[in-house]
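Please see the structure below; I have some questions.
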Amino acid sequence: MKPFRYSRPDSLDHAGQLTSDADARAIAGGTNLIDLMKLQVETPQQLVDINTLSLGEIADAENGGLSIGALATNTATAAHPRVRSDYPVLARAILAGATQQLRNKATTGGNLCQRTRCYYFTNIDQPCNKREPGSGCGAIDGIARLHAVLGTSPHCIATYPGDMAVAMAALDATVQIIGPAGERSVPVRDFHRLPGDTPEKDNVLEAGEVITAVTLPAPVGGKQLYRKVRERSSYAFALVSVAAVVEMDGGRIARADLAFGGLAHKPWHDPRLSELLVGEEPTAALFDKAADLLLEDAQGYGENDFKIPLARRALAATLAEATGAEL
Amino acid sequence: MPITINDTPHELPDDPRVSLLDFLRHHAGLTGTKKGCDHGQCGACTVLVNGMRINSCLSLAVMHDGDSVTTIEGLGTPDAPSALQKAFVEHDGYQCGYCTPGQICSATAMMQEIANGWPSDASDDLEGPIKPSADEIRERMSGNLCRCGAYANIVAAIAEVAAEDAQ
Amino acid sequence: MEQDKPNRECLLDKTPQATLGKPLSRSEGLAKVTGTAPYAAEYPIADCLEGVLVTAPFARGTIDSIDKDTCLAMEGVVAVIDDERLTSRPAQGTAGEAPVQKPRQIDYFGQPFALVVAETFEQARHAAKHLEFTFTADDLSQVSFDPEGTESERQEETRQGDLAHAMAEAKHAVDARITTAGHASAAMEPHAAIAEWDGSNLTVHASLQMLNYNISEIADSLGMEEDNIRLISRYVGGGFGSKLGISQECLAASLAAMTLEKPVRVVLSRQQVFQNIMRRSETTQRLRLAAGADGALNGFGHEGLVSNLPKESFAEPILQSSQFLYSGENRLLGLDVARVHRMTAGSVRAPGEAVGMPALEVAMDMLAEETGVDPVELRLRNIPDAHPVEGTPFSSHKLAECLKQAADSFGWEAGPRKPRQRREGEWWIGTGMASAARVHNISKAKARVTLKPDGTALVETDMTDIGTGTYTILGQLAGEMLGLPREKVLVELGDTRFPRGSGSGGSWGASSVGSAVYVACQGLRRELASRAGVNEDDVSLKDGRIANGPSLVDLLDGKDLSEEGFYEPGDIDDDFVAAGFGAYFAQVRVNRFTGETRVDRMTGAFGFGRVLNQKTARSQCQGGMVWSIGVALTEALHFDPQDGHLVNCDLAEYHVPVNRDVPELDVIMVEERDPAASPIQAKGIGELGMCGGAAAIANAIYNASGARVMDFPMTPDRVLAAMP
């Protein structure tokens, strides 16, 4: 870990000033940043401890939604009565991730900004365009077991590793951001980027911008499910995960908001799936068509080829569970 | 403000790089908290901060001014062990003993989390009452690796204390 | 004593104290649960400097130069140690001599070649990442990483009859290729050492399993006399083979302390533990079984390919138990080794059987299906009367009892078996079984037992307790022999100032050191008998006195009475085949959509001779069964095909089982006395629990889902790919 200055801003503006420096990093729970600093993957010269800011509140939002403060811990969010009753997919996703110890520290904002688990990213003896632009990608011809099959680029095939944001993408939540240019809102679905030729940028956050909250829209009916396929029964990153918010109406699908983890550099949301599914009777053939659509551009890299059929099956299983269809 | 560890105040380190774990082990002389991976992947460093369990390896000591930390040494002593400590001995909920302080700190906090009614990945109902069933304990203790493979006995030890508490 | 004949009449069955075998809690239990037991890095030593190893970012080549000056200018840095005596590989178990040193010659990715020492850990960790050096890396196209594509040499072969002919003529034949992944021991305590040097004597607090060998390894590496070295390992946070021999931090800390004349602590990071310490070799195995209509084996073939670095003699001994477990007149067993530039391959819990037995037991399940014989019955029909090649008798053989008792306890339904017969929601449910076998190892050992004037006893040996229960069982053993309750026996371990024990490894600790304690106590009993004026054979000791006679306190008369026991295995090794046997039964559920597997329940029955403590022995069995789950479902080392580095070098991506992966484990300890195994009629139990268990899970996956997976671990992707 490189030496760094440690500071505590006394206001949001102050935090923005301090973090606008390219060599500064904001720290909240620290569960990801300190991990990476020990490996010298992250080498900030200044660490801005934003825990003193009042951003931990979980409160009712306009239009019946819910605002989850950037510093609300994953534990607080998953245990919140309204999250449990109105947004169970979010509670389930959070509880399927990490461990209680980590969730007690991890925050909404930090979790959104969680960096990839790609083995080449976390090992400074290996090439990685995300860590060191221009150094190459070790994973493409290496061990790509964890890696993406959708939205990859020749420069990076890393995945976004989290669970929480996948549920938020299915729920169509919004990230509230404050920065030098004022406040702005970004849908969670657009918050994370695809790697393209700038894989070093995980998301759309600009220097000096701070996440203040995530707003969930008013709750909808139907079933909410989070299915996470992993190599251990607990404490493992997703091979593939599916977040689903599904409503039925008279034997037909009335709503199907889906997002996927483990497949891409971002929580994957394909609006065409909803268009295809809504209004249809749930059948194996329909689920197959949805999977065809989801995976039409999927590309494996050897070790992760399995994710393509696995995503297909996980999608079918989730839709069957949500709609009551027999498979 | 200083940091309070097991009811004793300590001055924070000058070097902000010192993790809470290394602060406990090297500065405060409390080596009961173990370093297994230093990256939040094993749970051996679990301590309670203001009553909540965390991985002390993934936290900087300087971020804890004013906090109250409880380590394994603060839960009980050989002369006056806690109920969980006694149960771990009785049920052989350990072998080499290295993950054990983390397991016991974790279990101590877990009891409170269940009492709070917080659900887990193993809870069938997110909103119903939570019982310390074996399945719940297994999921909630999965952040503490035990390479010796004492899991079954760890679950038995915790279940016994949970059952006593329930009476 | 040297054992050259079976000890059929063991004193331990006649002594009246009745403490041996009892399920007593560990004597060091309270120290462990309160965090007061000191592990290697935790000794409070004033002004201790901190060292962090620097590792090579390439797989083969040389370090040409090291820029010490720039590093020394960094804050807090005290020294850069690049002494030629730094060890570049860990020592193999029982080496007793220096491992490969030559630190600047790099043989695997991540090999350490220098140590940065600083005033604080934070300074050392930072400076170690910034040490500048130049190197010449060999052309990667000239370096072998993958054993499959590398020329191999045959290390071992057993041939009898004509297996190929037997296969061709057999009514039923199975010819299966099964692979197992590489494994890491992943003991929870990282390898650590604190060295102190007083100008002529070196003291090392280390985390080691076999101080009796380790002291020789350090002495040889340093060119020092053993008399000037003291090793201390009172508590070891798990070993599983990874701490059998000294590893790189021992010499690094020692050389730094000797150079700087100050104490130095070196703790490997978890990544360094993965990259530097012994791996279990991956294996590719071919099993050939030829049987008649009744399932009786006529041909038995087991061949395998494993790997190691050049110059390493160790080859994962996957054939060990295959040599004698099942009958079959026509036999071919062979082991090939490929030389690859991955980190050293060595002992990881149950070397050999941990991966050889699961492969064999999957093939047996396939034969059971092929012949239509119940899997339990198939094994019962193929238990040989004696070693199938050498004809040597078994000293004691409990496989049949284990199979029957475990089947009974599990509720095994014998009869025709078909996959995919039971489904609950998304989950296919099925059962499977496998035999367990592990060769019995035993070693020479010394222990001193001293009766104190207050009527207590002290047991001293440099033996270690790595979580196995040594402190407790040696106390019970001495208590049983001397007629003392366990609380009256103090056991001191893990210090080379004590007589040389056997070390913990190969499951031999309890029987080896236990026998030394037994021999020492026999000597004490003789002396007590003589002092009391009774016939040695008539001495009955209980609760601190001779029955109907004087108390120990009176007999000791204010003075210590001490006896050193020495045990050594003799010719008996050649007269009998001694092994532990057992059986596993598992019920699993396999998700029909995702291929995820969960173990619902597992039963294991094991025969391992005299049980010295019912509680700690049961825990050892359970631990082995948990490792079986890891072998079956989750554990695999992944190496980069381009540069050979270990990709998943941490506990987030190398998946040891978590609590939720493990169900209740039903353990049956089958009553056994093995008079040829050791004077105390005990065998080892640390490894037997994982010698085949993974196959019970694999076979259950097949029975549940119809997926016959031929590659361990059986991760969801592999199960899905094999599902019909």
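Miscellaneous remarks
A, B and C are the chain letters, set down in written order, and residue numbers restart from 1 in every chain.
Throughout what follows, contacts are C-beta pairs under 8 Å (C-beta built on N, C-alpha and C of every residue); 3 or more make two chains touch, one makes a residue touch a chain.
This is a predicted model, so every value here is computed, not measured.
Listing every chain that touches chain B and chain C alike gives A. Innermost chain of the displayed assembly, by C-alpha centre distance to the whole-protein C-alpha centre, is C.
Taking each chain's centre as the average of its CA atoms, chain A and chain B sit 28 Å apart.
Distance between chain A and chain C, defined via averaged C-alpha coordinates, is recorded as 41 Å. Among all residues of chain A, those that touch two or more other chains are 1, 3, 38, 232-235. Counting only residues that touch two or more partner chains, chain C has 122, 126, 652, 657-660.
Residue positions 15, 17, 38-39, 138-139, 142-143 of chain B each touch two or more of the other chains.
Those residues of chain A lying in contact with chain B across their complex are 1, 3-6, 27, 30-31, 34-35, 38, 47, 49, 51, 75, 78-79, 81, 84-85, 88, 91-92, 95-96, 98-102, 104-105, 232-235. The touching residues of chain C, when paired with chain B in their complex, are 25-26, 28-39, 41-42, 44, 120-122, 126, 185-190, 235-240, 267, 269-270, 466-469, 615-616, 618-620, 622-627, 650-652, 656-660, 662-665. Interface of chain A with chain C (complex): residues 1-3, 38-40, 117, 119-120, 123-126, 138, 141-143, 145-146, 227, 229-237, 239, 306, 309-310, 313-314, 316-317, 327.
Here chain C touches chain A in the complex through residues 57, 75, 109-110, 122, 125-126, 129, 271, 426, 593-596, 598, 633-634, 638-642, 645, 647-649, 652-653, 655, 657-661, 715-717, 720-721, going by the rule given at the top.
Listed in rising order, the residues of chain B touching chain C in the complex are 15, 17-18, 22, 25-26, 29-39, 41-42, 44, 71-73, 75-78, 81, 85-86, 88-90, 92, 94-101, 104, 122, 134, 137-139, 141-155.
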